[in-house]
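Structures are listed in the sections that come next.
Shared between the two complexes below is subunit A, which pairs with subunit B and subunit C, respectively.
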Partner chain A sequence: MRTALRPGRYLPFATSGLQTLLQYRSTFLVTGVTAAAGAAVTVFLWRAVYADPTGPGPGGFTRESITTYLVVAQVLAVAHANRVDDEVAAEVYRGDIAVALTRPVSYPLVRLAAGLPVVAANTALVGVPLLVLFAALVPLTVPAPADAALFLLSAVLSVLLAFCVNLLTGMAGFVTTNTWGVRMAKQGVVAFFAGQTVPLDLLPGPLRALASVLPFRAMADGPLTLLLGRYEGAAGAAAVLGHQLAWTAGLVLLCAVLWRAAVARLEVLGG
Partner chain B sequence: MIVAEGLTKDFRIAERRPGLVGSLATLLSREHRTVRAVDGISFALPAGSKTAYIGANGAGKSTTIKMLTGIMTPTAGRCLVDGIEPYRDRRRNARAIGVVFGQRSQLWWDLSVPDSFQILRRVYDIPDTVYARNLALYRELLDIDALGTTPVRQLSLGQRMRAEIAASLLHDPKVVFWDEPTIGLDMVLKEAVRTLVNRAHAELGTTVLLTSHDLSDIAAICDDALVVDGGRVVHQGTLHDLLRRADRRSVVFEHRGGPGPDAVVRAIGAGLPGATASVTPEGRVRVDYPADALTSRQVLGFLLDRFELADCYAPEPDLETVLRQIYRGGVPAARDGGAA
Partner chain C sequence: MSATPGGRLRLALFLGGVGLHRLAAYRLDFLLGSGAFLIRVGLQTVAVGVVFRHVPAVAGWSYHQVLFLLGCALLTRGLDHLFTDQLWELSRKLIQRGEFYRYLIRPVDPLFALLSERFFHPDGIGELAVGAFLVVWSGTALGLDPGPLQWALVPLLILAGALIHASVKLFFASLSFWTVTSMPALQTATQLSEFAGYPLDLYHASLRTLLTWVLPFAFTAYAPAVYLLHGDTGLLRWLPAVTGLSLLAALALWRRGLSRYEMTGS
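For the complex of A and B:
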């Protein structure tokens, strides 16, 4: 780990990631339109369910809070679109991973460094405008300052979690060439179990129990629970963050272990 | 500097059956077959040597290079590069080596060459003086400035290879592994690459291990040869010794007066059993003889006795002929008494 602990060596990967990104400006437009359309579908669907404005509806959501939940869930999804799964899968598939491994740096950390500017740019150029757009269209819940602070902390953890999930997804390329299917499956599983399509509190009992132990909850439902103050006291907030922290640590460890194992049995065939 | 001890690598390959029915069967059950790409090879290359790693396609060259660069772990045996087992300490090894995989780019596809170099400068902690010196060298020899700010993906193969070669030497590595480094380069640039590596070798004592199918690259860059066939080392020594393994020698001469070329050819066929003579397009006579049946003394003595030689030379056996002979299975030991 000697060399891994020198952040200066990873900085150029972050700046080059940003440089690469800026060459493809149209991707932001595409991401933006896709995210806005996705958000519009769920938001207007669920607003129809919560059409009765008197008092809280199913799951204790009001019309404003369910709208906020779904819009911010979409913003988080944009921040999680770090492309790490695509990049890793492509490098493994093409065999370019061989070149990456001849450099004196840790490949997962390189990917993290290259992914962070993508996250920052996506958040700033797509996520925030998306939030502003929907705030102008439909009324949203204004969070308490403490809840907003907890949310920001939780959102940062969720970005790290999303990185791990995507790294693991990309590493599927070591065992199968059909990473497209794996990536699609991951996207569906994450969207569902994070609460991006259906808020987790509205799921039937067994599914909700399953969702509450899986790591994906910490990617959207966790931060949103904090944002909307849907927790009971400091212990409730601590439980949400605890679940998130535990899974983040667990997945970081899993990435490290699986990465080592994958490289040890790596077979780059041909040239 | 580079040591291999019983280095072995097996690949497990899923056996696919032909045809649609076969493809369906593959869905249900898969059979695996083990392919041994590298079969217990051992060699030791001293620091500062320039070695060509030669072998037919599929001889395990690239696999060996991947183990030496730390990308792949051997199935058995081990290798050392500057005292490090590359696959165990990949990142430390990576600091000491430079790599070109002719088929893959190590540059940043969407960035320009100068931007890629700036990244490498940080990644390898290249001191400013070294960076400036090397860049000046690349300007002089490779005309690296001409690549400008074009993203690497838009460069031609030759332009990209120039940058790849420069990138592999940028951090003054102790060892460079070049796997087909001159594909896409024209003669002038190949010459420049040779000058570049020879200069690095002279100034820094860089150890070079090169694989190439271009035999002129090998001859221009390398002093030593490591020939692998069927996953095993069949020759380790100087390139010169390798050439002496040729089982045929030849002499080409011109003569004055006496019988015409066709009569000379007949006379040689009758007087030197085993030798064959032919007339070259320039009107010279070429004698080919098996090195184990005739000595050069016998052949030259015969010619001097009978003909008035005006000009005579004995071309060195060429690498291609020797390699073809080795790949075909005839692997004689190096001989004494050459034609040169």
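For the complex of A and C:
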């Protein structure tokens, strides 16, 4: 096994990622308020649409299931806030990337190792409390055990996808200095086409078609389809997971190719 | 020279010109910054549109009324964004890295010197453009016919809204004089301002109170929109007092912070 691929090599990066995070504990507060505010706006809006509590409304959602969809979508977004886009963009911008490249490890894997503790901490310290808070305020759907298990599997895949998307976003730093703009745009596009603001089944035809060909669907709508049991039998569940797996593999490949190309043309001015 | 109002104005115009030059030099950056806002706001508008495909009104607001409100929110936020973006840098790193002293050694007011570094920040232009479009488009669709008084008040309402945004920003950025960096606090406050883009009638009473009397974002969009749409002045009559008090509170905190600032030397 090539030394760059030995998992033990990445352990120090994971622990240091966690240490940095714990130094700046207030970021949890920001993540929490952002997610709670985002969830509150969408939940208030959509509950107004499903004001009639009897029977299913548009898209086959009930008042409870649409609330569950929107709240859990925000919890997933918290788990996807791995800061990889910020870190990569900043390192490229400052030129620190040059130092990182001299190490005998793969830089994308370093970022993954440093990002995983962030994901775990965000999920445990922000995502779960957020879910508990909303569960206390509004009635949510309790999923079937099998659906919950499928959801967890799917959520893990969505975390990998989010890592790839954020790595690609951070790599925009190779071509522009306004990575802030790129990250803002990415956030907006991902939030919309993942289903965070509007459940994808409620989108009008053309937008729904667009959402179904983009990878972002697998980040929130996919896991939520499984959680709420909105699929037809085993084949339906397999289709959701297959879509996720295919996009994860595709984006990992894209990251690898683009990363090589970017490093090959990278130029850092020394001082 | 620069101490007189006229000199200050000339300096502001000059610095604004410098900002516009920067805009031409970093064209891709400008397009990305403004484009990002177009995308975000565009998608937000679509999301509101999808909601209204299923119901005719939400909390008594029609589709175009909600878009009008969203447009108002973007206009005030955009105007503020255009002039006070440097406050983010104050909260993020200027105190922490000891760089703040450079605003104290210039022969102009430190706040003016600070803000002037990012006059005409291009990222705000996208917000202003979309805001103006939404207000005009939805206003036309609603057949809105403002009276002369309302027309006269529009610029003042936008200015007051922008001043409230600026005050909140200055207040939370000034906290960094005590806490070294106040970025999380400022980010949190900014996140809450997102609520202002939707009708307050949607929210729980406690959230409404918070947005009206604690962090007065209700006055940056909801109060003016309700006035322009329905002529309802119930909330609007508090606007001058709220704007004045917000500014006073922010400036007082800024001054106190300024007087206790000691540079971290190295």
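Going forward, the second predicted complex is superposed on the first by the 269 of 271 C-alpha atoms of A that agree within 3 Å, B and C clash if a C-alpha of one lies under 4 Å from a C-alpha of the other, contacts with A are read in each partner's own complex, and residues count from 1 in each chain.
Methods note: a contact is a pair of C-beta atoms (placed from the backbone, for glycine too) under 8 Å apart; a residue touches a chain by one contact, two chains touch by 3 or more.
Owing to the predicted nature of the structure, the values given are computational and were not obtained by experimental measurement.
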item: First, second, both or neither for A:20, with subunit B first and subunit C second; value: first
item: Which superposed partner A:103 touches (first subunit B, second subunit C, both, neither); value: first
item: Contacts of A:117 with subunit B and subunit C, given as first, second, both or neither; value: neither
item: Which of subunit B and subunit C A:46 touches, first, second, both or neither; value: second
item: First (subunit B), second (subunit C), both or neither touched by A:30; value: second
item: Partner chain(s) touched by A:202 [first = subunit B, second = subunit C, both, neither]; value: second
item: Subunit B versus subunit C as contact partner of A:177, first or second or both or neither; value: second
item: Which of subunit B and subunit C A:12 touches, first, second, both or neither; value: first
item: Those residues of subunit A which subunit B touches in one complex and subunit C touches in the other; value: none
item: Interfacial residue positions of subunit B with respect to subunit A in the complex; value: 11-12, 62, 66, 69-73, 87, 90-92, 94-95, 97, 99, 101-106, 108, 110-111, 115, 118-119, 122-125, 151, 179-180
item: Parts of subunit C lying in touch with subunit A, wherever the complex brings them together; value: 26, 28-30, 32-37, 39-40, 43-44, 46-48, 50-51, 53-55, 58-59, 123, 184-185, 187-188, 191-192, 194-195, 198, 202-203, 207
item: Interface residues, subunit A side, partner subunit B - complex; value: 2-4, 8-9, 11-13, 16, 19-20, 23, 94-96, 98-99, 101-106, 263-271
item: Residues of subunit A that touch subunit C when the two form their complex; value: 24, 26-27, 29-30, 33-34, 37-38, 40-41, 44-46, 48-49, 51, 57-58, 176-178, 180-182, 184-185, 187-189, 191-192, 197-198, 202-204, 207
